[in-house]
Every structure is written in structure tokens, then in C-alpha cells.
Amino acid sequence: MKRKDYDDALDELALELVGMARWAKAKGERIVVIFEGRDTAGKGGAIKAIHGTLNPRQCRIAALPKPSEDEKTQWYFQRYVAHLPSAGEIVLFDRSWYNRAGVEKVMGWSSEDEAQHFLRAAPIFEKMLVDDGIRLFKYWLTASQEAQEERFKERLDDPLKRWKLSPTDIAARDLYADYTAARETIFAETHTAWAPWTVVDFNDQKRGRLTLVRHLLDRLPDTHVEPEAIEWTPLGHDPLTEDFKVLRPIENFPVKD
Amino acid sequence: MKRKDYDDALDELALELVGMARWAKAKGERIVVIFEGRDTAGKGGAIKAIHGTLNPRQCRIAALPKPSEDEKTQWYFQRYVAHLPSAGEIVLFDRSWYNRAGVEKVMGWSSEDEAQHFLRAAPIFEKMLVDDGIRLFKYWLTASQEAQEERFKERLDDPLKRWKLSPTDIAARDLYADYTAARETIFAETHTAWAPWTVVDFNDQKRGRLTLVRHLLDRLPDTHVEPEAIEWTPLGHDPLTEDFKVLRPIENFPVKD
Amino acid sequence: MKRKDYDDALDELALELVGMARWAKAKGERIVVIFEGRDTAGKGGAIKAIHGTLNPRQCRIAALPKPSEDEKTQWYFQRYVAHLPSAGEIVLFDRSWYNRAGVEKVMGWSSEDEAQHFLRAAPIFEKMLVDDGIRLFKYWLTASQEAQEERFKERLDDPLKRWKLSPTDIAARDLYADYTAARETIFAETHTAWAPWTVVDFNDQKRGRLTLVRHLLDRLPDTHVEPEAIEWTPLGHDPLTEDFKVLRPIENFPVKD
Amino acid sequence: MKRKDYDDALDELALELVGMARWAKAKGERIVVIFEGRDTAGKGGAIKAIHGTLNPRQCRIAALPKPSEDEKTQWYFQRYVAHLPSAGEIVLFDRSWYNRAGVEKVMGWSSEDEAQHFLRAAPIFEKMLVDDGIRLFKYWLTASQEAQEERFKERLDDPLKRWKLSPTDIAARDLYADYTAARETIFAETHTAWAPWTVVDFNDQKRGRLTLVRHLLDRLPDTHVEPEAIEWTPLGHDPLTEDFKVLRPIENFPVKD
């Protein structure tokens, strides 16, 4: 997809996202969006596309670190529950509780039993949230191994992206089919009427982002809320300038001639 | 500043930021960067410029909501302390404890006494963190009222930015000089050898970001750490394709012909 | 019940409690005990009887304060989930999520709809915890209004107990029947195979405590775990005395002749 | 000290404690009491004596578990700060930040450097809290090795107390003098005008508790606040009885004839 077309389309969606956030605040709505998918699928970029247009005090990213030793022994959902939204909040989960039946299962960090237990529990857990009025959206971002290989290579070669390449990623190259199988099991067990999965093709990441955001917006009810009127009056005097006494600004970054 | 020049310069800085983050992780460094300044100065954009290049599991934004009734009665620093970094983490504070002597003081939400008390406490609090090995950077972003007025107007007129315009912003128009005075007091009381303020001119926001990041990087020691070697082997088979049985991707966002 | 008989019986139970806690730690068991019942029923005393014999770093009391404004808008169970046990922990809930269909309902702080919603959700929530391996016990302590009146009067007259008498208590005097009705509804909706209620007569509080603890112990499997052997050797020298240089103990509390 | 004399004296102190708590709530006071001292000195019992008379929703015990791997890398005071009181709260620390220069130092879990660093930081940290209006009390409970040996032996022999006997305790037998030295260093460095230590002789634990509570109460200002008047009216009808339809109380614990 061409950059210009993407930018134009994204600008239009951004407007709707901003309107949606105003609505969520006015109505006390709570929104949870889960981003799952293979490494390199484009979860981080999709999250940034949404988060970047919204008030960071209203829209939070939940990207949980590895669980501590204590957390590992707790109810599996406990540490995620702590990040659920209050009224008006939008929480974007960069990976989620599905780790248990995804990466943890494929990498052997959780047992077959634990994964099975999780797959039975997840729909029930999610139904509780949805019944409580939380709007829950689950997106699965997909990409072919060809695209994945390209992106891994890019991470390897581009020093800006090198931090994205983890040992788990390297392992994922040989586990592409296992991840496919894990995903299919997740879908079979947790694609429910109250919390359905939506699969989005991220072989073209820009287009994938537009597809995802368009879909998300379409699944919300009419979110139109008029912005509060603001009375704007002339300043009534010449604008003031900064007045430094104690400290002065440092020298500006040099601009090329 | 021209977009192209900015992008080129930012790319170079991004490389160094990524290297710095690798170093922080390898050495267990803890880094706190405080972003303060007038509304519209460009705190959010500067934070995004840094955060966007780094691993969100390593670099966190701390943008605290209003304190709860209980929190208001606690030790003023308590709710900020909860966001301080563990080993390897970089925390970007979008506003900070300086609220007390800044917006709270100017808007009359904290008393003169509370502001005074805070100003005596802040340098001591910061010295404790610095003595503990936390690297603390405090940036103050400045802009003239002319720039501020333009940006407020833009927030008013641009539906994408309307959410940034709060009643506190409107009040700030008449309080420009009070904010200047509050800032000067803050500098006079809290610009210390161990936690100095750095003032950055954000009348040109792009240039301001470059100035700030360049300065931040220059204040760190040699952060060179070689990335871990990764053994990259050929895949050994044709790349696999996604194989959907339970659910298929939804239709892609339409592309114009 | 006579004090002497009570003390003897409690000592025996304490031994078993201590053994149970050793087992919980050794096996990584997680135990949750909910204490519900009318004001004055004796929840606090029963909790202290258990907590007082166990290691306070293993056995925690969860007596949650009023929810903050933000918490009120969250998933109802969220703030309780934060107190669920890690491996080896025993958590005693002094009141619990049942507030929603109990005191909140009777006092009109939650709506009929919210109470109904809660009553449908609670058994599902509890099943998730139980399926996850948490051992969940729910005790309802009962007392007649005659006993309640006596105890309220005692709280009124005994300055040591005056703090226990709240406006909600006073209101409870006229609402005895409403509390009965609320309890019956709770039992009808949330007495489940996986998380049954146990009603304990606390008209005699000492006897009630013994009944409750005996029942709790009987519902656990064989909890025998041998304490770790400790090699105890003679000290090998005369015992040392405290040696004060900087500060000395203050004068002891005077003892009557 | 005789049980009867102790009980009488404690009852009188309990009355004052209750009055003090009422005052703390009415005035929004925040109170922190630190209990330090050798193993077996009697910290737990002293804490229970206070906590047992007060409202557990107002008076909290902070008995922190071992730090997690992440917490170990944070600012040392961070995890303690999370437990500081809000307005009206009384927090009893069962051990505290002094672990760093006490047990951690003696057992070699923290380095000489870390202990030194802590000893410089603690008075500054405490001054911040005190300057903020928190009332901070630091008690050190002492006992001779003779008493300690007796109590260790009791822990070994009494199955009810066996859980109190840890490997660290056993190690403490050979380290009595090291603990003395560590304590003297702590006093030398952290006995300040704003947060002085009070040493209490706990060779007789009952008397020690009385001494400590008496001292604590004497260091507070006039805490007299009249309890809120409560209008007590007759019930107006015969007291109601419990009315069970869904579930009935289980059989009472048998009483000997």
C-alpha cells in the first residue's frame, strides 16, 4: 500500500478514533482490545497507530513483563485483571492471557494440562468481563512465513530493529507450524459469541492496521458525542515571551545550511 | 525545520537511543526522564519520539491520572515512587511530582505552604534516587505565548487535537506569567548539582526534540555494548503459509485503484 | 461456653492449624476463607483466632476499605482479585465480594440490577478460582437479633468497643429482616457444589469459632507434613548479654508491689 | 510480670489506644510504628497487642515478604513506600527498611557498601516522611541471649511455635554479637532528632509491651476527641430470630458435660 494512501486513510480513521474516545469518556465506557499474533505480525505498530492518536491518560498500553516467581503461582488471570479499565478507559493489550496457550505452550513453558485448563477458563473469564459491560475485542494478526522471514531478516540487519529479535523469535522460525496449530486450537476453543476473534491479514502491515481499526470502529455503536463547547476569546494583549532568569535554554540542535 | 532534515537527524539519534537501551539492559541501569513544561510545549510528542524507537517492555511512559481522595492525603511522592524503574528500565514521566509547584500551585489546587514544602523536599527526594544509582534527567520544554496561542488554536480547530484542549489549558492563557513565575521558582529551588534542569526551546517542536534527545544521549557515559551475536541459518524449506481452518481473515481495507 | 474449655479446645485446634499451614507451604496450596455475616456476628474475632496462631507472612487478612471512585467503575471483582493468594498463602477475607448483594444491597448503595448481576457472576467467578486449584471456603456467621442488640449495646457502652459501632450498624437494627432476606437470596444463588456456604451459629462466639475452625480443618485433605528436622547444638559458651553503647533501654513499665 | 497485673494494665492502655485511633481518624493523622529487634525479642506479640484493640480497617500490619527479583533492583525504599499510611491510618511495620543494615548485613545478603549506603539514606528518607507530617516511631526490642536461647528452645519444642523457628534463627545463635554490633551501628547512624530510636527491654515480654505502648502514647499530643454521639432508641419490637430456609447452621462444636 502506498504511503500517501495509507496516511490519508489513517487520518480519516484517526478522526473516528478520537470521536470514539470522547464517547467512551462521556459514557463511562470501558474498552479492552487484545492484540495477538505471530512475532513480526505487527502488533506493536497497530497498537501505536491507535495509541498515538489518543490521550495517553485515557488510552493505556498493557505490555506485561515476564511474571515474577510469585505471580507464576497465582490464578493465571490475576496479573492481567490489574490492568482492566476503569470508566472511560481504553486498554490495548500487547499480547495477553492467550500467551498461555500460545507462546508458552509452543515453547514448552506451560504444560499441556495448563494450556487445556486455560482454554476452558478463558471463555468463562471473558464472559464475566463482557457481562459486566466491558467491551472486549480480540484481534489476531497473521502473516505468512515469507513475510515473517523478511521481517526477521530486517530485524537482524537493521540496528534500529535489532532489539525486536529475541531468542524466542529465532525459535519461532522452526515452530511456524506449531504456532499455526496452537492458534487453531485457540480459535476452536475461545471464539465465542460474546468474545469472538477477528483475524486480520498483516502481510501488508499498513493495510492490516487500517483493516483492524475500521473493523473495531464498525463494531461499536453510534459513538457520536458533540465536543464540549469552548468559549474562545482574544488574548487581549500582545503574547508574552518566555522570561528566563535562573536558567536559559541550551543551544538548539544545529540545522544544516 | 524541514521534515526531511528532521527525519534524517532523528534516525541517527534513534540508533543511539537503541544502543543506549541495550546498554541499560546489559548493565542493569535505571533511567528516569522527566518532561515538564507549559501546556502545548510538546511533552507528549517528545516522549513519543523516544518511546516509539524502544522496546515498550523496557521503556515505560508514566502519565499519572488525578490522585484519588486517599492518595491526596499520602506522602506526596508515594504514587510516583510506584513507577520508578527496576534494573534495565527507562521511565519517561509525562509531567511529574513538579505538578505540585507548577499547575497545582498556579491553579490554586495546592496551597502556598504545600508548594513551599514540596520545593524543599524535591531536591532531597531526588538526591536519594540519584545516590541510589538512578540516572535522573529533568527537561523543561519552553515556548513563547505566541507559539502557545497558535497551538491552542490548532487544538480548537483540528478535531484530531481537540481532546488536548482542556479547561486548564484555557485558564493557562491568562496565567502565562504565573506559570513563568512558578517555573522560575522551581528552577531557583530545585536546580541542583545532582539533578539539574535542562531547558529546551520548543518553539520549533521538531528541533526541540532533536535538541533534547541529543543532550540526553550526551549526558550518558559510553553506552556501547555489542548486540548479542545471533546465528542465522537458512530456513531449510519453502516458507509456510498461514493455514486457516476455524476462522479466516476478514476482508482487507479497500485500496483505491 | 466456659473460658477454660474454650482455651483447651482452641489449643488443640491451633495445633492442627499450624500443621495445616506447614502443609500449605510445603505443597504450594492456596487457601481463601471468606467470613460473612451480620454486624456483631463475630467475624473479626474468628479471623483473629486463626490469624493469631499462624505466621503473618503466610496468612494475610484482607479487610478492604471502601472502593475509590475509580474502583467503583471497575469490574466488581477486580480489587478483590489483587488479594488472592500465591502458592503457600492463606487469605482470610473479612467481608468479601458478597458485600454487593449484602450490605450494599440492603443499604441501597447498589441497585437491584447490580445485585442481580453480581449473584449470577459470583458462582462463575468462584468456579474459576476453584478450577484453578484455589481452596475456597465460605462461612456465614449468624446470630439472633437478641444477641446482636446485646452486642450493639456493649459497643455503645464499652469505650474499648465503641469504634466498632458505625452508622451502618445503627441502620442494621431496623434492617434485621432485610439482611435475613438478602442472605437467603445469596444462599439460593451462590451455594454451589464447588463453593458451598457453611452457616455457623455465633450466638455463642467462642463456640462458634471452634465450630468454624473444626469444620475448616475437616474439609482439608490429610495435611500431615513432618516439620523439617533442625539440628540443635549447645551454644558452646555462656549466653551473651546485650551490650549498649549508643542508646540504653528506657525505664520499664512500673510493676505494682 | 503476673498475668492479672498485665491484663489490668493492658486494658487501661487499650482504652488510650482506642482514643488515639479516634483522634487519628478525626484529624487525618498518619502514624507509622517500626518494630525492630532480634529474633524472639517479641515484635509479633507487641504488634498484636496494639492491632488487636484497633479497627483492622484503620490499623494495618506491614510484614513484607522477601523481595522479588525485580524489587531487589529497585530503590531500596520503594516497596516500603507502598505501605505508608493515608490520612487516619496507623501502620505497624513488623521489621522494616532496617533489614538492610540488620539481618541482611549480618547474614551477608547485602554488601558492606549497600549497608553503608542505606545508613546514610535512612535518616534522610525518614526526615522526608516526618517533614511531610507522618508521625514516625522506631522501637528496638532487646533481649539477652539467655532469654533468646529459652525462646528458641520453646519454638523447637512447642509445636505451636515451631513455625517461628527458621534457619535464619538458628544462624542467629552464633551471630548474637554480630547482631549487637549491627544494632549499635544502626543507632549511631540513624538515631536522629526527627526519628529517634527507643530501646525497650523485652526480657519480660509482657512488661516490654506495656512499656512500649505507654511510651508511644506519651509521645503523642493530647489525643482527646469526643466520640460521636449516637442516638440509641429502643428496638420497638421483640428481637427477631434468624430464619433459615435455604441452609441451616451446622452442628455446634461439642461441649463437654
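Descriptive notes on the structure:
We just call them A, B, C and D in the order they show up, numbering each chain from 1.
Heads up, the rule we're going with is that contacts are C-beta pairs under 8 Å (C-beta built on N, C-alpha and C of every residue); 3 or more make two chains touch, one makes a residue touch a chain.
Small disclaimer: the values here were computed from a predicted structure and weren't measured.
The chains that touch both chain B and chain C are A, D. Across the two candidate interfaces, A-D and A-B, the one carrying more C-beta contacts is A-B.
Seen from the C-alpha centroid of chain D, the farthest chain centroid is that of A. Centroid to centroid, with C-alpha atoms defining each point, chain B and chain D lie 40 Å apart. Computed from the mean C-alpha positions, the centre of chain A lies at a distance of 20 Å from the centre of chain B. Our note on geometry: chain A versus chain D, Cα centroid distance of 45 Å, whole angstroms.
Shown for chain D are the residues in touch with two or more other chains, namely 65, 70. Against chain A, the residues of chain C that register as touching in their complex are 28, 30, 70-71, 73-78, 81-82, 84-88, 117, 120-121, 124-125, 127-129, 131-132, 134.
Those residues of chain D that touch chain C in the shared complex are 1, 5, 9, 11, 14-15, 18-19, 21-22, 44, 48, 52-58, 61, 63, 65, 94, 140, 142-146, 148-149, 153, 156, 159-160, 162-165, 170, 173, 176-177, 180, 184, 187-188, 191, 197-201, 204, 207-208, 210-211, 214-215, 227, 230-232, 235, 239-253, 255-256.
Against chain D, in their complex, chain A makes its touches with residues 65, 68-70.
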